[in-house]
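One structure follows; several queries about it will come next.
Naming follows writing order (A, B, C, D, E, F, G and H), and every chain is counted from residue 1.
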Amino acid sequence: MSESLDLGYARVDLGREARQGVPEIVYGPGKRTDEIAGIVTTLLGGNTGPVLVTRVEHETAAAVLALVPGGRHDPAARLLAWREARPAGHRVAVVTAGTSDGPVAAEAAAVASALGLTTTVIRDVGVAGLHRVLAAADELRAADSVIVIAGMEGALASVVGGLVETPVIAVPTSTGYGAALEGVTALLAMLSSCAAGITVVNIDSGFGAALAAYRLTRGPR
Amino acid sequence: MSESLDLGYARVDLGREARQGVPEIVYGPGKRTDEIAGIVTTLLGGNTGPVLVTRVEHETAAAVLALVPGGRHDPAARLLAWREARPAGHRVAVVTAGTSDGPVAAEAAAVASALGLTTTVIRDVGVAGLHRVLAAADELRAADSVIVIAGMEGALASVVGGLVETPVIAVPTSTGYGAALEGVTALLAMLSSCAAGITVVNIDSGFGAALAAYRLTRGPR
Amino acid sequence: MSESLDLGYARVDLGREARQGVPEIVYGPGKRTDEIAGIVTTLLGGNTGPVLVTRVEHETAAAVLALVPGGRHDPAARLLAWREARPAGHRVAVVTAGTSDGPVAAEAAAVASALGLTTTVIRDVGVAGLHRVLAAADELRAADSVIVIAGMEGALASVVGGLVETPVIAVPTSTGYGAALEGVTALLAMLSSCAAGITVVNIDSGFGAALAAYRLTRGPR
Amino acid sequence: MSESLDLGYARVDLGREARQGVPEIVYGPGKRTDEIAGIVTTLLGGNTGPVLVTRVEHETAAAVLALVPGGRHDPAARLLAWREARPAGHRVAVVTAGTSDGPVAAEAAAVASALGLTTTVIRDVGVAGLHRVLAAADELRAADSVIVIAGMEGALASVVGGLVETPVIAVPTSTGYGAALEGVTALLAMLSSCAAGITVVNIDSGFGAALAAYRLTRGPR
Amino acid sequence: MSESLDLGYARVDLGREARQGVPEIVYGPGKRTDEIAGIVTTLLGGNTGPVLVTRVEHETAAAVLALVPGGRHDPAARLLAWREARPAGHRVAVVTAGTSDGPVAAEAAAVASALGLTTTVIRDVGVAGLHRVLAAADELRAADSVIVIAGMEGALASVVGGLVETPVIAVPTSTGYGAALEGVTALLAMLSSCAAGITVVNIDSGFGAALAAYRLTRGPR
Amino acid sequence: MSESLDLGYARVDLGREARQGVPEIVYGPGKRTDEIAGIVTTLLGGNTGPVLVTRVEHETAAAVLALVPGGRHDPAARLLAWREARPAGHRVAVVTAGTSDGPVAAEAAAVASALGLTTTVIRDVGVAGLHRVLAAADELRAADSVIVIAGMEGALASVVGGLVETPVIAVPTSTGYGAALEGVTALLAMLSSCAAGITVVNIDSGFGAALAAYRLTRGPR
Amino acid sequence: MSESLDLGYARVDLGREARQGVPEIVYGPGKRTDEIAGIVTTLLGGNTGPVLVTRVEHETAAAVLALVPGGRHDPAARLLAWREARPAGHRVAVVTAGTSDGPVAAEAAAVASALGLTTTVIRDVGVAGLHRVLAAADELRAADSVIVIAGMEGALASVVGGLVETPVIAVPTSTGYGAALEGVTALLAMLSSCAAGITVVNIDSGFGAALAAYRLTRGPR
Amino acid sequence: MSESLDLGYARVDLGREARQGVPEIVYGPGKRTDEIAGIVTTLLGGNTGPVLVTRVEHETAAAVLALVPGGRHDPAARLLAWREARPAGHRVAVVTAGTSDGPVAAEAAAVASALGLTTTVIRDVGVAGLHRVLAAADELRAADSVIVIAGMEGALASVVGGLVETPVIAVPTSTGYGAALEGVTALLAMLSSCAAGITVVNIDSGFGAALAAYRLTRGPR
């Protein structure tokens, strides 16, 4: 079967694009610069859609771009992207509870955007000052889906889940200390939400939320 | 504001239907028969859509139906439903890993169906005998969304997540013993899945998964 | 020292009233009917304020009242009370997220009331339908303190904490299932709240919240 | 609604002072020097009360003060403060179990003091040498409220809770090792205290305790 | 090697008395009446010291005593004992925090007594009313060792550990609810105690504490 | 008894080879270079089989080899080996889910190989792209045993367990973040696997898996 | 594909025998008598090897045997078996730490035996009386593999792991109370064992251990 | 009361020696050099017995000794000691499972020795090579008490508990990785030990074990 290519240091899944609409997305940490460059080159050659590398710091990004030109580095999102998709109509709103949730929101927004979603970010509307999220309610209701990003007690997910009727993807973050348990508390809280029908992805996984939003745009085969 | 009606024993959210497309769904446990009947009557009078009560055992169901006729009891799903919606086009596949996941699947399917989704159930295709889920792959790919229900190690969610490109909603169940930790292991495993973009709801929450699938059918306002 | 009286089955702290303003409150479970009656009789004789027994079921309550007349049984609160205090001016609002939080609210309200606080209960204003708590905001702001009772993800505590400026005492409840972890999730969430300055008591401890509210009425010596 | 001002990197809640009596308090970590300065300047301009930044280290503090003069840095408390409030009559006693609880106590005392509370700190009176807390009992009883700060097993909260009748706010700290579980043990112990009516805030949250004490001084509206 | 005797349903360790000074002690739960009787008969025949069975309920106790006369049943301690030892000089004080710790104290005292320790029980001296344990301080200091039994936050262990200089054996109990986590909180708190040199046994293990006290009476060989 | 040799800093178990077929294997971390060299020299002198040191970084390895020549350093496996065994016929397949599991696989393969097992490594066949492990199925079935190495949700163990009938040893790894809980999730998931008869070793323990595979080659005595 | 047969209430994996050497084994709990009978009949018809149902209580067993004659019920093991395999040469020793581990040992032994392994059970040799396991050492060393079953602290696994060189499969049991955490402590302890190369299965899973032992008898294809 | 002296940065408990036989022992981490020196000087002046500081690294130790001469630094134990006690007759054996438990053993031995106990250390006798601890059995039985120090699964405590009849104090260590959970597994295992009457102190607390052994030498007053 020729769907995979074994580079020795990684087995690249070239069939992913045919099966799931988007090429395999590369997780940066733990890979050497030349390994990332090799995988990206393979994906650019064997697939036709966007090629992304997540969680890449500045230095690595520059080194990879030197080896594989034509890409773009988004430092806030720690994302490298080649051949980003054009907007295809789905509007996703990314909303955060506090300033510290920023990096996760940046990743979610940048990945969603590179996959062709039209992305709006609404920052810093935590429930302790409820007027902030209420002021954004119309903007949230106008989106096709909402990604809610919150740490600490994660209450924003429940409030947004009650305000909109479209799909809500909640991302707990590791923001907070003590009883926040590095994101576990927000995770458990979002899963126990009184707002029916919201769904949850892993702690700090802006990437996972963006992919879940991308799936909303895909139809059956 | 007249969106809520306070019955003394419960404050019924009559505005839910206008805000989220479906009337408030009643959680049965801990409520007396006459309380359930009172809430259902209020919802049937104040809203126009389907009225559902979840987790209702046989005896209670019969007593409530005697007080509020016109409903239907699905004993496998432990669901009471009045004014079920007609199919509106979205096809959701509900797939389970093992026999013990049956009650959760029944709830997911019955709630989804009562809300107007066309539902198919594919049972007992756990990954220890991989040919079973592979045989169902085309059926899964033909759905608009997939609800994956699995306990123990919950591996089916990752496998299905890699087979389809549409939204995948994973429901961990409390099936298993010892290290399965009453569903916590499946929950953590599904959240850590290597299949990108799958989302997760609470343990044993067939109801939550059905509502999440229902949200997929709703657009912005 | 004569502050305590040893009845053999219990050492009654008769000095508690002098030290803390209210006689020792008796925890019912695990004590026999005659033991409860003996302790109550001792407290009625050795102190002058209200005498309370918490978590008492119907049958036990009736039997104790037969032995020690003059008390009152509040079945919803599972409370026995003799010599209840007269209202002394402090108004506490008890607010709950959902129907299932009712028994904890009943205990909080009944204990607070027996200790001389003026108590209002606002039921079933969970954040999934935000208009409900917003409709109650003025009532909450008019109280001297607020007890917030919520299970599942406990988000109501954060929302109320942001609406009022008076003391907020949050009580997590064991309402919910799966990831709600029998109240632990609500507990951790309330402790991690983004609303500054709210405080938390033990899971399901309506009693603890009422005592904390009572302390608000006490001055230094 | 003009209650918030979006600076791009943060949405400043200018309405907080009107709603809760004190302007939004800034959490320092994760914010750049110029961002802190920008937020502080906004709050000084848009509000009239004290403006505080918590958890600020030396270097950052100096840099911010260079940009926004007129403030004061308390290095032990890691606090920056402008326009501190004058004493308004409420006396809070801050009491610690051991030397290592010092930084949390410093934060609690400095924040409380900047908000207008008269603050006394009683250090190092852990229960292993009971005479120490007994010697301080009169001083504790003379305060309007008590903040108890303890790590390890947190037993001091129960002992103080039994000595005074005024509000007790317990702060578990991450002091200790092994079974102390970075403060979780003290947290659980304080929540399970046999001293009725004490309340608890998050681990190491001197800030949270000070705000809870500040709420004691606020009345209904 | 003839140190053990295999009865089919149990391998009785007859050498335990020679190795450790006291015959094997039988754990009752999960064993049939005739099995208990068989093991007891074997131990009475093969050893010369006290023979004990722990955690035996009324009915089983009566049935076993009918088969193996000469023993005594202590219902509060749930203990069956034959050939109890005579007092050998070591005085152990068993002290409890609250009424609910009674059964564990009864087991500790009865086992210790059956092994020849002189036992005093001091009940219900929890730290919320500190005068109670202070009143007992001289009695505690007069003992050769102290067993401290407490649930909830277990603070009594730290206080007693600071009052006496002899060995302190702490027994956490499952008394309490919510954050008490069925004894885990008291266990962790006692292990994290600020009172140096106290030791801890398993939750609710009055038996383990009594055996630890018994070891204090044994010398090297 | 002369089975052990006490070097002061370590008691070397020279009898291990006679009892278990392979000399004691040295765990590198926390030992000084000269201590490792001393233990290795002792084992080379007192035993006749392979001598291994695990988890050795570059610098230490070079220093030890300078003191005890004749060994070999495998940097990927962080292994030092002297007198490696010759292939003895058992073929073990080491299979990994992702690139990040590489170091654990390298340790498993290098230790197994040094003990005389014929080792094949199959990399990067995680279940999100199921065709990869299916393509390797014949190779897996041709081995005498399989070591499955996976982090995150660890689903590969269940899938491989269903594909082969020979012994499967699962190694959870600390790969992943958030809900992966540093390997605990994969550990619990593998223990709860729906594939009957797979066994599990400690997190990241490539060494433990290799030793378990080695035991498969040993017969009774 | 005809490897599975869908009975409506269960999808029977008829291909399991061809793939893994033994037909699918049925987990009894949660299935009705007629469902069990239906599955067993299907397996007896579609496969040729042993057919087993685990965790079956007395009444169910009798009812199933009435519907599907020719089987045997082992009440201690809670096992139903038809067409048990003949001994094929592999000798497995099942060893337990205490009397309470008996039911798990019975299941392990009965399943292993029904699959053709020659099984010896060595009971009640916990490490508190070390002479017991030492007396059994030769018997353990004479087996082809050892299943070690222990609850509480599970130390027997480490001791046996150091005595034999053949495969050791450790089964933690839920025996014990308090800190034993219903088997989790023994599970973690066995995984952390200092005896190299022992493997672990789920808590109380005598069945899993037997299947793991059965895999030891299977070769590659 | 003059039992304590408040130095501003610490309240020194000068009455500890009179109450418990040994002056307060200083915990080093988190204190400045001059603070340690100040506390030590105070204790040397106000008490007559040994003065100890635990967990002191090299540089700090040298600086403190320069300020307060006459003390001794034990670098392996990280202990500073002045006026060490002379041997008073009690012999304690300190026994460890592995090389990595060395630092904890060094602390236990050095503190015990400074308090007047005669200390023997027996290293590296983990249960995987049982002959090692058996070879030391007579030495263990000849001691007045035994401190058992072990990480990973902590099985050595159960084995030693079964070999001696004198007091056994178990110290779990953070040795190990993965499922060893930084000492929590050994802690839980020791508390669940099948060897009756062993007691446990906090993880890595060689200090706590030494103090517990010291208490064995104290009588009632």
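Basically, a residue touches a chain if its C-beta (ideal position, glycine included) is under 8 Å from a C-beta of that chain, and two chains touch if they have at least 3 such contacts.
For each chain, UniProt lists the protein as follows: A, B, C, D, E, F, G, H = Nickel pincer cofactor biosynthesis protein LarB.
Being a predicted model, the structure only gives us computed values, none of them experimental.
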Number of hops, chain C to chain H, where each hop joins two touching chains: 2
Contacts common to chain B and chain G (chain labels): F
Name the chain whose C-alpha centroid is most distant from the C-alpha centroid of chain D. G
Chain F on chain H, rotation in degrees - Cα superposition, rounded to nearest 5: 90
Equivalent interface positions on chain A and chain F, same or different at half: different
I'd like the Å distance between the centres of chain A and chain E, where a centre is the mean of that chain's Cα atoms. 57
If you average the CA atoms of chain C and of chain D, how many Å lie between those two points? 26
Determine the centre-to-centre distance between chain D and chain E, using the mean Cα coordinates as centres, and give it in whole Å. 44
Could you grab the centroid distance between chain B and chain C? Build each centroid from C-alpha atoms only and quote it in angstrom. 36
In chain D, which residues are in touch with two or more of the other chains? 19, 128-129, 134, 162-163, 178-180, 184, 187, 191-192, 196, 202-203
Between which chains is there touch? A-B, A-C, A-D, A-F, B-C, B-F, B-G, C-D, C-E, D-E, D-H, E-G, E-H, F-G, F-H, G-H
In their shared complex, at which residues does chain B touch chain F? 97-98, 126-130, 134, 152-155, 157-159, 161-163, 176, 178-181, 184-196
Applying the document's contact rule, which stretches of chain F touch chain A when the two form their complex? 99-100, 102, 123-125, 128-129, 131-132, 134-135, 177-180
Which chain G residues qualify as touching chain B in the complex? 1, 3-4, 6, 9-11, 13, 15-16, 19, 24, 27, 29-31, 172, 174, 183-184, 187, 202-205
If we count contacts the way the header does, which residues on chain B are in touch with chain A in the complex? 19-21, 25, 91, 141-144, 162-169, 187, 191-192, 196-203, 207-208, 210-216, 218-221
